[in-house]
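A, B, C and D are the chain letters, set down in written order, and residue numbers restart from 1 in every chain.
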């Protein structure tokens, strides 16, 4: 069975308790539904999501920039060091079936740009600033007709994901 | 002598005559000063800049996404196919000493994000829409204190480049 | 729990029944011991190993060269398209904890070279020609003191893996 | 005018005076004929070839593994840091029109494997051991009908290059 991979991108360093709690709760809900998490494998929201997912036996995959598996946070099951530096951001965006952005600085921005290029559905959480908030509800360019979907609750994120996946199933 | 590499990013497909003329004129002025051009090697502003540079014997380098040298526009002297797809955007940003953005869609946005991560000075031309215009005068995140410099004329772009390079020389 | 990743490299196109049977049997034995499989995700020995692993509920990860998840063989659980072309060979070698080579042409050779650079233990199956057979028992260069370990049975491969992992555990 | 790029791969660390002299002489002869050098940009034969090329005004391009331009040897004109680690070996092989291998350890082996995959003509100098010597006169796999051409003098290398380029011109 091929896993559905939900790509989580966003702040790798944050001490915003509400943001981390949101990410952890999101990880829980994704795991309950059998989705796997793919992310950059490091700290902040990536760690919080993975931590939440592991509470419910979810599978977590970390695509690291460096050469050393110890870069990964402790909740990553499949640790993939790439040695590619930040060029690895392209892989996270490409391997995910759907992208969820939470907060986010320049690295997150590059991942949103890639996800748009690769035709991936993007959900942006508006609550925690960063590029996720700035781009929620907008389009990266006119090559696509759809928008980056704005979400403010975990429930909304899950609801978007479910409806995308149902639509994909019907289309194929 | 190691070349100073000016990275040109922006619309790979455009029929905006003024935008292409701006890019070509910029290529001329860069070549006159002995700077080499590094870019994605394809059409639009990348081709126009390279065309301008070649009028004055400038050196032009194209970092292609695919495997085939014939993807390059006819004004590229050093054709480097990478086979990396859009992950090559990271290389353009990293190899450039200074970045100039003109127009630009999702690919340009990823390159601006990378240039910011890599600490490169970024000049954004405001005249032709796209991400260059949207981001001119702003910061990608708070990790850097400086701004993406807004320019509206070729002269301004050249002036920014000269002052950066003079500053770098004095600092080292 | 972080998975131990056994990297399988070798012929992506082969109709040698014994080779495919060896790979499938190896996949079974790896899965029984809780090891995950990481490979290039495509046909030949990669498919056979993954098929074997799935019989015993093993986890299989495919690092694809292209952009399209449908490139993966049907036994891959975690499909990671990289869009990097053959540069992805570096990731397979780097992400694996131990490498097993079976047969193999130029792509396998590049992966063996990378695995050597990255300090990974390499086991080469001697039965099916290719670079695995040619390099079994030899060293790639004098930077390492050890050898590419020659194996002729699945049991030997498993035995090498167990002893490496026990040694690693004791060392750390 | 698009440059013909001769890819030089081989020992990045060597104090074999004859090997370095061979590489420097080769760089001189390539530059005299207007060919540009593309290489990994670092020490050993890469530095010696670039040094020779610069004596005759040749153009030299270095594709670096890391993020820092200062990694390049002092004879590189166009310094391209990739940040890709050893995955950059794929780019050197792909961007070169013809590959010349001199000595060489595991990194060189990966580059020869890539050059073979990408259909590049490969000339291997037999005088200085390493993978160049081991593979001279042989084939990497049966997917290609030709051989890695063995050379023992600079004159032979140049002669092979000239005949390849003449053949390519006639074919196209």
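What we mean here is this: a contact is a pair of C-beta atoms (placed from the backbone, for glycine too) under 8 Å apart; a residue touches a chain by one contact, two chains touch by 3 or more.
Note that the structure is predicted; figures quoted are calculated from it, not measured.
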Most distant chain from chain C by Cα centroid: B
C-D compared against A-D, more contacting pairs: C-D
Whole-Å gap between the CA centroids of chain C and chain D: 30
Computed distance of Cα centres, chain D from chain A, in Å: 41
Residues within chain C bordering two or more other chains: 67, 83-87, 90-91
Chain B residues within the chain A interface of the complex: 84-87, 89-91, 105-107, 109-110, 113-114, 116-117, 130, 140-143
Partner chain C, residues of chain A touching it in the complex: 1-3, 5, 36, 38, 59, 61, 63, 67, 69, 72, 76-84, 90-91, 94-95, 118
Touch list for chain A against partner chain D, complex: 67, 83-87
